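Structures incoming, each one as structure tokens.
Heads up, the next two complexes both have chain A, just with different partners, chain B and then chain C.
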Partner chain A sequence: MSVREIADDPKAYWSGLTRAEQGVSGFIIGFVVLLVGGLFTGILAPTYFLFLVGLAGMYSLLSLGLNVQWGYTGLINFSVAAFFGIGAYGTALASASSSPIAGNLAPVVGLLVALALAAILALLIGIPTLRLRADYLAIASIGLAEVVRIIILNEEQVTNGSSGVRGIPAFFDGWPLLETFPQTMPNIAVSWLPGGTVVLRQPFWSALLNVVVVVSFIAASYFVLRRAHRSPWGRVLRTIRSDEDLARALGKNTYRYKMQAFVLGSLIMALAGVFYAHLNLFVAPGDLDPITTFYVWVAVMLGGSGSNRGALFGGFVIVAIREGTRFLNAFEFIPFDIAPLRLLLIGVIIVLLMRFRPQGVLPPQRELIWPSVVDDAPEQPDSGVRGAKAGENDD
Partner chain B sequence: MVLDLLASGLVYSSIIVLGSIGLSLVYSIANFANFAHGDTMTVGAYAALVTFGAVGSLGGTVLGLPYGFFVALVVGIGMAALVAVVTEKVVYEAMDVGSIGLLITSIGIAFVYRAVIQMGFGADFTRYDISALRPIDALLPYGIRVTLHDVAIVASATVLVVGLHVLLQYTDLGRKMRAMADNPDLARVSGIRTDRVKLATWVIGAGLAGAGGVFLGLFSRLAPRMGFDLLLIIFAAVILGGIGSVYGAMLGGVLIGMVTQLTPILSELGTILPLVPDSWGIPIGIEYANAIAFVIMVAVLLVRPSGIAGEAV
Partner chain C sequence: MTDSQASQVANSDSSSEEVAANMDKENVVLRVDDLVKSFGALVATDHATFEVERGTITGLIGPNGAGKSTLFNLISGFYESDAGRVEVNGTDVTDMEPYDIADHGLIRTFQTPRKLEGMTVREAMLVGPREQPGESFIKLFTDPESVRQREQQNLDDAEQILEDFEIDHLATQPATKISGGQLKLVELARAMLAEPEILLLDEPAAGVNPTLRNKLAEQIRRLNEQGTTFLLIEHDMEFVMSLADPVIVLDRGHVLMEGTPDEVQNDERVIDAYLGG
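This part shows the complex of A and B:
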């Protein structure tokens, strides 16, 4: 359905959504209203707001990557943090001024280095583990991710060890025009806000550029994945997920397909790492902590395993949890430390999801079907027709 | 130096064994990889910390440990078992998501345990209020530096492991558990109340993990992450021994514990082995001890997924 059709008849569009979609749309609208309200009243600084958007984009990217592996193919990959880290370290070691090996290369070179390293690591982890049973794969992949973290922590002559890599340039360093964009943009004073005058300075424009980077990464990945998911290749992956023996009986080399999905997902995760390195301008071995892996898992499961939209949604929810709990620090009447609250929330969400809605909030439905097939089907009188046609009745 | 490392390997192994038995038991009877097992150890350790703080030393000591500590040990074991049983009743039992779903759920459970502990005790390290002992003088001439506490850990672990062995081999419950691990459906039609056996498994597995946690706290220190950090090592031990095999888990625990503690000699192999030059060695530092264990784990999964003692799948 195109945007114009939605604008012409918003009511029909709304009633055509499933209950879950209506709920998520309501949540997103409410969340956006809250954020815009925060911006207008001056509670939320515009630069910080853009930082949050960038972070949410990063988690969305990681979720998209994991979605290829777990959502499409059913691979339990617990080494997300390793690929995120190798992406971040790849670009950092190539482009940072304090890099112990190369350094001062253009960030685009860093991007390529990071992707190449991630592909190699994916092969190194994938070749031994992808033949394993599902639960063994989970244990083996988290073990190998820890090995990567230990190596990065201890090989100081290559990675600077625990002190991390500093002096990473912004992503557009060395580009014409965009490199100096934050400096050349004027300071714009926004005085019509009720929360007082806000001046948009250089950090704001830098943050805006970061958002541009992450949005273009996401857009590229999303369209590639959407196309791949519906393609014959994607159908084989989905068959492997639901019944690997069947796929093998149909003559598919499942190991090869699993490896392709694993590498593709890992590359997208590394992309998130590249973005993170140029957002944070500093990477350290702590960024490879396994907790990142589980944040991303929550995002994918919450969004709905196999659903790209769900992965995007999940990424934003994770940032809402991560950064939202920070605001609770302002309330002094809470008698305990806030930091573990985040962990508790993540844990409770995992348990509740698996208990009550293992398919996630936005499970893949019609995104698996070419839209023309659904839209060209004859009209039926009931509401929720599109949903019924996509076979999503609660039966 | 080798003797000293072997001794500390033995102490560390005892802790790993206590953890890996429980993980293996739960794997074979509840049929999933329980990622909350490490944090069950943490629960035991902190329950013992609170109890020991409350009851005090209670007079005399055994093997350098006050009586009160043994009371705390029992409470730690009981608390870990209680928490695991409540979790099984409230969460796992009602779920119908297969072994992969349970695996993912157990990660959530692990975070909940850890978060609650961190809320109560903070993220910092802490120790039991027991003063550290000097190494036993009689063993110092041999280069072995172990304290009475270390001896206590090994002795207690041995008692628990032997107790488990007796339970499995000579009691009714043990036979039922072995039957159920072998074939749950057959056990059920034979009239075994499998749900009760499952509950007993949780009590035993989590109880041993609780004991392991208490000893881990005594061996090094207590922190909310201590169990989760050890979990992968325990997985390595269980997989090396053969998933689902209790005796395999014991063997795997000893081997992995030894390997991680013996890592320092890898770089000085030349001075220990005959017939090779003194300068020869494998240049891997102690910081890679855990990494070696994980690589062994993956190698075992590849070459012999059934482990040392497991049956061929």
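This part shows the complex of A and C:
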């Protein structure tokens, strides 16, 4: 679906969407209108808005990564926060001025270090567990998340321990032109807004650059994943998810495929960590709290397991809930503090989702065959993702 | 009961002397030699020995609990054997991983048809072909053209075979929404896309209505004429006796006898095994 198709015949494009897609599109349009309204009336500061977009992008990356593992392959990984943290600490320790081991390297080197560390960690946990049934990976990954967090907290000579790593440069540090972009951009005063004059200063341009970073990370990951999802490779992963024994009987080395999916997903999670480190410019062991894992699982289930678009959507919704609940306190007619209830709210959403739409909001909608091989891809009815897992009946 | 006791003695004699099955076949695809598997105290496969000749449809029958499915799982690598040897085309594949055994040309199906959630029938079919370039993650990006060509060819093959099976109208249906019998046909068709030299079918006719069952038998016969060797477990006597020759009878984990359908049906030991014991 290219942009040109939409521009040529918006009506036909709209009617070609499934109901779920129409609903989500409508929701997104409404949400964007709301945000733009907030921006124009001055309720939402532009810099803060861009920060939120960056955060949503980060969660989307994490969801895309988990979606490769759980959504495609059925691997239960409860150590999303660990891979996120490894990504963040990898780049932080390489590039930060306060890093106890290396420090002051270019952020691109930090990116590579982070990816390498995440790949190694994924291999280390994958080698013993991926030959076993899915449950073992789940259990091992819960332990892994805590082990990684506690090592980072306690190995002070390597990680600075609980005081965290400060002095992380922005991602474009050392790049020509982009490095000084926020300083060289003039302060632009926007005075035509109804909410009063807003001056776009240096922090705004920095935030804009961060959005550029996360959007390019997402675009790269999405490009890779979309191709992989529609390929025979992705099809083997989906077969493993439904029935690993069948894949093995048809001559597929399922251990190898599971390992590839696990490493790929972990790399994308580490990418989110890299972005976070250069967004926040400070990382601490608290960033590896298991709550991140929980949020990302919610995002993937909400969006629809196995669907890349669903993962993107889920990431944004999580940030909307996490940050949006802060604004609800502004409504004075609500007699209690809402923000602390956001976990409860997420719980309620999950219960409702599982009851009324267990496949998620945007489950994979269409047949996944290599593009240009089929031109008449039929629509697929929604199908639940909860089914018999491999290895349970082996008769 | 003296009869059955006598036959038990005869059984153990025959298994130790390895005369129960015909071991003088000329062109052997699958050779199972003295295979043993026990689960705790239960000996599920007890020195089973037999051969499958190329180009045949060999039936494997036996009363409930005779160890047919265990034997299939041992041959195809899903269980590890305690002792004995399995050869495919003269290569020792004992205790190899199932995907390695599949690479040697032995493909199996399952008793309960396996559903692939979220796939259409033709998508599920495309899992069948072995060694697709598109199954390598790297090639998706370095050589997308060969991936596309192979995918196109596989899709054509899949649609052709669905047409041969007269189920091409199901091609774009969700793989989870077709009947049990159709699922069995799809499973057989998919296994054929893996181009097996020998195909192990685990109760292909179970739970299939009579019309589809005839169709299934017809397809198995047709594919056999085109050169595929079959080894099939079946409970439906009419189905297996009309299709298979020779028939191997399994009882309590070992081979009781082998013969033509007529010989098997009139053999007293077989009748004993099914009725008494």
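Keep in mind that, in the parts below, the second predicted complex is superposed on the first by the 354 of 395 C-alpha atoms of A that agree within 3 Å, B and C clash if a C-alpha of one lies under 4 Å from a C-alpha of the other, contacts with A are read in each partner's own complex, and residues count from 1 in each chain.
Please note the rule applied: contacts are C-beta pairs under 8 Å (C-beta built on N, C-alpha and C of every residue); 3 or more make two chains touch, one makes a residue touch a chain.
Because the structure is a prediction, the values reported are computed rather than measured.
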item	value
Partner chain in contact with A:Arg355 - chain B first, chain C second, else both or neither	first
Partner chain(s) touched by A:Pro128 [first = chain B, second = chain C, both, neither]	first
Partner chain in contact with A:Pro169 - chain B first, chain C second, else both or neither	neither
Touched partner set for A:Gln260, first chain B, second chain C, both or neither	second
First (chain B), second (chain C), both or neither touched by A:Ile139	first
Partner chain(s) touched by A:Ser231 [first = chain B, second = chain C, both, neither]	second
Touching partner for A:Phe294 - first (chain B), second (chain C), both, neither	first
Intersection of the chain A residues that touch chain B with those that touch chain C	none
In the complex, chain A residues that touch chain C	224, 227-228, 231-233, 235-236, 238-239, 241-243, 245-254, 260, 264, 306, 363-364, 367-370, 372-374, 378, 380-381, 383-385, 387, 393-395
Chain A to chain B touching residues, read off their complex	76, 128-129, 131-136, 138-140, 142-144, 146-147, 150-151, 153-154, 294, 297, 301, 336-337, 339-344, 346-351, 354-355, 358
Residues of chain B defined as touching chain A within the complex	32-33, 91, 94-95, 97, 99-105, 107-112, 114-116, 118-120, 122-123, 224, 232, 235-236, 239, 285, 287-288, 290-291, 294-295, 297-298, 301-302, 305
In the complex, chain C residues that touch chain A	69, 73, 76-78, 97-99, 102-103, 107-112, 114-120, 122-123, 126-128, 130-137, 140-141, 144, 147-148, 150-152, 155, 172, 174, 176-177, 190-191, 194
